[in-house]
Amino acid sequence: GSMDTGHAAWVLTSASLVLLMTPGLAFFYGGMTRSKSVLNMMMMSFGAMGIVTVVYILWGWSMSYGSDAFGAGKAGLFGNPFELFGLENIDAGAYISVAFQLTFAIITAALVSGAIADRVKFSTWMVFVPIWVTLSYFPLAHMVWGGGFLSGTKGGLVTWFFDNVVPVDYAGGTVVHINAGMAGLVLVLVIGARRGFGKEVMRPHNIPFTMLGAGLLWFGWYGFNVGSFVPSATPGVAGKSGAMFENSVQFATNFVGETGLVWVNTTAATAAAMLGWLLVEKIRDGKGTSLGAASGVVAGLVAITPACGALSPVGSMVLGVVAGAVAAVAVGMKYRFGYDDSLDVVGVHLVAGLVGTIGIGFLATSDGLFYGGGFSQLIVQTMIAVFAMLWSGVFTLVIALALKYTMGWRITEEEEVEGIDFVEHGETAYEFASRSGSPRGAAGSLVTSSKSEGVNA
Amino acid sequence: GSMDTGHAAWVLTSASLVLLMTPGLAFFYGGMTRSKSVLNMMMMSFGAMGIVTVVYILWGWSMSYGSDAFGAGKAGLFGNPFELFGLENIDAGAYISVAFQLTFAIITAALVSGAIADRVKFSTWMVFVPIWVTLSYFPLAHMVWGGGFLSGTKGGLVTWFFDNVVPVDYAGGTVVHINAGMAGLVLVLVIGARRGFGKEVMRPHNIPFTMLGAGLLWFGWYGFNVGSFVPSATPGVAGKSGAMFENSVQFATNFVGETGLVWVNTTAATAAAMLGWLLVEKIRDGKGTSLGAASGVVAGLVAITPACGALSPVGSMVLGVVAGAVAAVAVGMKYRFGYDDSLDVVGVHLVAGLVGTIGIGFLATSDGLFYGGGFSQLIVQTMIAVFAMLWSGVFTLVIALALKYTMGWRITEEEEVEGIDFVEHGETAYEFASRSGSPRGAAGSLVTSSKSEGVNA
Amino acid sequence: GSMDTGHAAWVLTSASLVLLMTPGLAFFYGGMTRSKSVLNMMMMSFGAMGIVTVVYILWGWSMSYGSDAFGAGKAGLFGNPFELFGLENIDAGAYISVAFQLTFAIITAALVSGAIADRVKFSTWMVFVPIWVTLSYFPLAHMVWGGGFLSGTKGGLVTWFFDNVVPVDYAGGTVVHINAGMAGLVLVLVIGARRGFGKEVMRPHNIPFTMLGAGLLWFGWYGFNVGSFVPSATPGVAGKSGAMFENSVQFATNFVGETGLVWVNTTAATAAAMLGWLLVEKIRDGKGTSLGAASGVVAGLVAITPACGALSPVGSMVLGVVAGAVAAVAVGMKYRFGYDDSLDVVGVHLVAGLVGTIGIGFLATSDGLFYGGGFSQLIVQTMIAVFAMLWSGVFTLVIALALKYTMGWRITEEEEVEGIDFVEHGETAYEFASRSGSPRGAAGSLVTSSKSEGVNA
Amino acid sequence: MKLVTAVIKPHKWEEVREALETFGVTGMTVTEVSGYGRQKGHTEVYRGAEYDIALVPKIRIEIVVDEADTDDVVGIIVKTAQTGRIGDGKVWVAPVESAVRVRTGERDEAAL
Amino acid sequence: MKLVTAVIKPHKWEEVREALETFGVTGMTVTEVSGYGRQKGHTEVYRGAEYDIALVPKIRIEIVVDEADTDDVVGIIVKTAQTGRIGDGKVWVAPVESAVRVRTGERDEAAL
Amino acid sequence: MKLVTAVIKPHKWEEVREALETFGVTGMTVTEVSGYGRQKGHTEVYRGAEYDIALVPKIRIEIVVDEADTDDVVGIIVKTAQTGRIGDGKVWVAPVESAVRVRTGERDEAAL
């Protein structure tokens, strides 16, 4: 048997699209920081691309899709990290799934960084990320998509309560967004607020960058959602792959129909969420903002992620407008409760992730409450959402505290004033010398880099 | 039967590429405005992504590809908006075509915004767009691609004069570019010029953004043109889809051959148009500019859009160089005639759209004038171009005047001076605080957002 | 027979991705220049997109993949430029390969520009590029991928020494990176250093642009490497295409397995190289920089380019970390030896290109030294690398000198101070007027463009 | 000689320049500055967080003038830059003891 | 009247403004400047090339004040802007002969 | 004390700084400004529309100096910044009544 080549072409495209989402996120986030912090913000995303790729190839794939650590077929918590360590001796047909899946691990880790902008040691971040994906992301991926504890597999959580209700998370509402959002919240509580939070002006320094990021995220998200199609996809196992198919009319019909619907739903929810966010702003502040539009786009994409295969286009618009409006309100909470979720990872990803994951219980055309499907799906969705929050919260807390009392998370207050880009990376982002050079441009001279010569020598 | 999965993979990719074009356009346009207007410029594109998606799903697809409002098979003016309202009960195989087509409607509306930069109420724009696509875009899409009045279908305009000459618009010279260009021209005449037009310096504030936009547009345009391949494509019905195919060597040969040619032609014309524009500048102004190169790229892409399936690569280069040179001269007209087509929607999209649509009559390898095909194709192409101009002109005028005397289009002169980004969106695009914070960055403090608390409460 | 449609869909996607790499490069390079040179830097990339496309269609394809100039089948130096001139009468199935291959020629030429930033007449560049691709790129493409002198074809260089060792260059380590890097080095030596090199501060003016460029390059590189898959690919002939295939399980297995591996290897090496570069900086300078991360990404992509089909994922990580570390040290050399390779084309592309091409001799799973394959592959790889350096070096030198004594390369010192963007293109990149307009924004008035009227008249 | 320093609204700059040119002022130095005063800045909103921006963009013009022209120059600036709305700015005059033209080394009046 | 010019550390600006406001200074003009002095700039590294950035970002404040208030204003600025670390900046006072409010044409004390 | 204000060509800044340093000037304040004068700006073309940019980028240097050093400082600046081409700029000297070092509160000469 063999994977259909049309499907394969789309998975290759999708993997590349999702890979692009992380640089996109770097701009979405980077534009929102102050100009003295933009490089560090972007480096948290790029750093994640580097380190997560390495650990994913070494043990991430094995922990996510290897046979269950507690015995194959068990609906367990994570896969055996050594079984497919370093991707040695995996079936050649699986590489393409590794490609697609590793991009999800990268962006999930990168999403977290938005909560802790401007104040965290880069070295601590680069240690946090591999540990966090190992303890929080890979297990949740295994549980939801690897036939583990949150899938429909017999022995899984929901199977204790229901016979034939399968939890739905098409492309990562729990594994990606609730997971990242919860981690962000915990980190903020452990690490604390930026100097001047709630007093000083901390406005976005480059909103067009944020719009660019939103555009690239939207574009890449088609890979994220539509690429999660699984031959004879049964809800909740999206992303699981490698299954072999004869190219056949029946497969093609399934492929064309499902991917088309997922694409349209993703777009419908995103557009509606943008309008929802703008509407809240128009009513509350009198003006719809471009930052709001960009944020609404992301809120909509987050909300539709788990639901994109289960809703109708109109249902997707309903989900989107709700997610956009709720998130627009939610981002205000941090000033109320005084936690410095700097770029609103909680307000956008946790909140919209919950709206999407639980919204399925209402809007799923098959068995949603509004479609006469009763409460069971709603309960199941709530169960996996809550479990994901707990898992992510607990493990993030453990790691965050461990690092706090060892490497330490924060740069000093003076360094925050000076600017983390210079402090942590020895750079500043911009030098807009006027045509003939500004004083700062001209000021100072090259110290012919002796150190590097030293290395050359 | 079933759609070929390779073809489907390419359509999914193409739909995503065309979706990306609108954020790309936001940068192409945004870079050309003054820095106090860039966010509003981008919001006109993002706003279109939001609102057009919603109306397209509700009645746009139905009006474009539903059976003719005046009875199925009639080569009419638009489809029945209620037949497939909300995409209820459409064949699952059609979702993928909805995906592809809705992205065309979005960007066409967004293209118009370039003509009216810096001075239009965002609320009025957000009302204009859905009405305009309903009265101007969906009907033209139906006429050209939905088997309507401008297609080769019996009863259609050209069939009154010719027996077997089929109008050619592979990917949207009439529906997209002539339509948007004409709408832009009419809006400018109704709305009027920016304060200081023709006197003050209104130079692009960020040319690299415009280059970025040009790059993303070029990239996305491969989805636009090459994605418009239709199995057994007969010229003029590109974009029509849903036709089912057995996967077969003969289909594959057709697919590979035609898509390859369209890709190469698109690139050939674009490259040649860039050189054409630069050449005019070199001769006229002594220097070729980067803004000129970016503009030439777009002019070339516009011109080849209707023609990409009908020309040879060398013919495409000829079309491109002409389009680039003509557009480079055309953008000067607005100062001559004093209409403030701010970002040259007329000079680039209307002019190059005409060059491409009519150019087919000369350069089509099958029956172009230069290939001994006589005048009939040339006449037919001119007919559909003129009809599209009239249709777009009339309906845009009606909508523009209606809004002028109801909501009103303009912000005040003082507001134009103050900057539309702040006035309409309450934001400014940039805050390049120096490393330790600029006065404007530091100046002022957070007004702990009581309003949003109010909403939270 | 026919090309598989899934494969075709991926090649169309890949061609579009590689096309996007050149605008991406424009930002990677543009961000590194001073703000008075960014437009010229970008124009060298965009200009290459224009002129290379034209010559590729006219004679580039023919010289690369036409039958050998010295008789078909001969493992010669270049193809007959007239055989397929203007792509007249080529098989329709070949257009898609033309599409893919012309994007490689474009970016290779554009890569060279980084070495000569800020100081070169645009007109000279636009004359250099077409001559250079004709004498250096097309021949090398023919030799390596067109069954020429550096391929495994009987009569080729390596076949004189070895019977059945085939040189490996999957996607362009020799043809693209060694070629471009060597050309950059020669140009720098002929053209000389920028005014103030080694004394004045020449820091990047917009590092986020460089990060954007790195992100787009990474994204596009999947087309570059994974798109180079050739049915029944035998190493060294990647890019050769048009071969017809029945869609079959066996083809699909080959396609899915190889493309999946290449995708993963590309990502593995890139991530590892980023970490390698950052590590060197951390040790040498105490801080890892974002410019270093972006540079490491490119170094990794360069190194894996020839090797992506021959290594294991773990082997790819090893290659990557070495390439990143070595390049991080290599970029220091220019200050040591005093040649102004402004944006490190030598340090990144030549060095990492050599690491990758020769590294195959150590790391190829089939016959690399570390896998017990002995020295033969290592020797073969070194041979093609050295030959490519010589070929590129010699022809670049000839062209560079010819232009030096005819058109001349340099703008004057005063013009360098004034800024090449204004001098060569009559533009400046940015105008960040504060909300209500800066003096420079307001200063001066429109000279109603009489010249352009002249043209209109 | 005197140094006339004027802080005005940015969009008035062009008019002021022309008026001064007509009067015969051949040179000046211009700086983008931020003003704080009766004219309050505005409020921007980002993700529901309102910020009061206290400062207002202004243009600062420095002109070294011959004693005799001082009042005229000040008068011209005030007349041209006036909109009557709060925030029109200030003009002040300070003594200058000497001036030099870098190019030639010419001093004082000759340097202008 | 006097012109008080202060060059201070940027992050001190907000405090200084508040202090002056409380004292009753109703207006000032602010400029982003670069300072050169005992406080050395820092070193940035780009691709292994180290650059010494000699200049340090500073905020420059200009206040035209009534003769009588001069010392108080200077005192307030010095007190508020002081961190005790090198680079706190300078304040200097120069004579002003006249001032005009553009909006109204009011002169001197009335113009402030 | 005196305030020496110099407006020079940006690419001359580095040289001037070094010359002043050698002479013993320990501090100065630098501003990016735009100059208007005999040296005409240039013409930029965007989509065939020509714009005359009247202003030229300049660097403005402020140095508070001890009475005695004034002429030397002015002389050094003029000598170093001179290219002989139009647009080299101006230097002017104005009186300063007092100066304070924010860090220490030291006054006048001691403050420099």
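The letters A, B, C, D, E and F name the chains in turn, as written, and every chain counts its residues from 1.
Please note the rule applied: contacts are C-beta pairs under 8 Å (C-beta built on N, C-alpha and C of every residue); 3 or more make two chains touch, one makes a residue touch a chain.
Owing to the predicted nature of the structure, the values given are computational and were not obtained by experimental measurement.
For chain pairs A-E and B-F, the one joined by more C-beta pairs in contact is A-E.
The two sequence copies chain B and chain C touch through a face in which the numbers common to both fall below half of the numbers used overall.
Remark: chain A and chain C have CA centroids separated by 32 Å (rounded to whole angstrom). Once the centre of each chain is set as its mean CA position, chain B and chain E turn out to be 51 Å apart. Counting partners per residue, chain D has 11, 14, 17, 30-31, 34, 36, 44-46, 48-51, 53-55, 94-95 as the residues that reach two or more other chains.
Multi-chain contact residues of chain B (touching two or more other chains): 4-7, 9-10, 13, 200-201, 203-204, 206, 212, 247, 284-285, 287, 289, 291, 329, 331-332, 335, 417, 421-422, 426-428, 430, 432, 434-437, 439-440, 442-446, 449, 451-452.
Of all the residues in chain B, the ones that touch chain C in their complex are 4-7, 9-10, 13, 17, 34-36, 198-208, 211-212, 214-216, 218-219, 222-223, 226, 247, 249-253, 255-261, 263-264, 267-268, 270-272, 274-275, 278, 280, 284-291, 293-294, 297, 312-314, 317, 329, 331-333, 335-336, 417-419, 421-422, 428, 430, 432, 440. In the complex of the two chains, the chain E residues touching chain C come out as 44-51, 53. Residue ranges of chain D in contact with chain F, taken from their complex: 1, 3, 17, 26-31, 62, 64, 94-103, 105, 111. Taken together, the chain B residues at the contact with chain A in this complex read 1-10, 12-13, 15-16, 19-20, 22-24, 26-27, 30, 38-40, 42-43, 46-47, 49-54, 57, 86-88, 92-99, 102, 122, 206, 209, 212, 246-247, 421, 424-427, 429-437, 441-446, 448-449, 451-456. Chain F makes touch with chain D in their complex at residues 2, 5-8, 31, 33-38, 54-55, 58, 60, 74, 77-78, 81-95.
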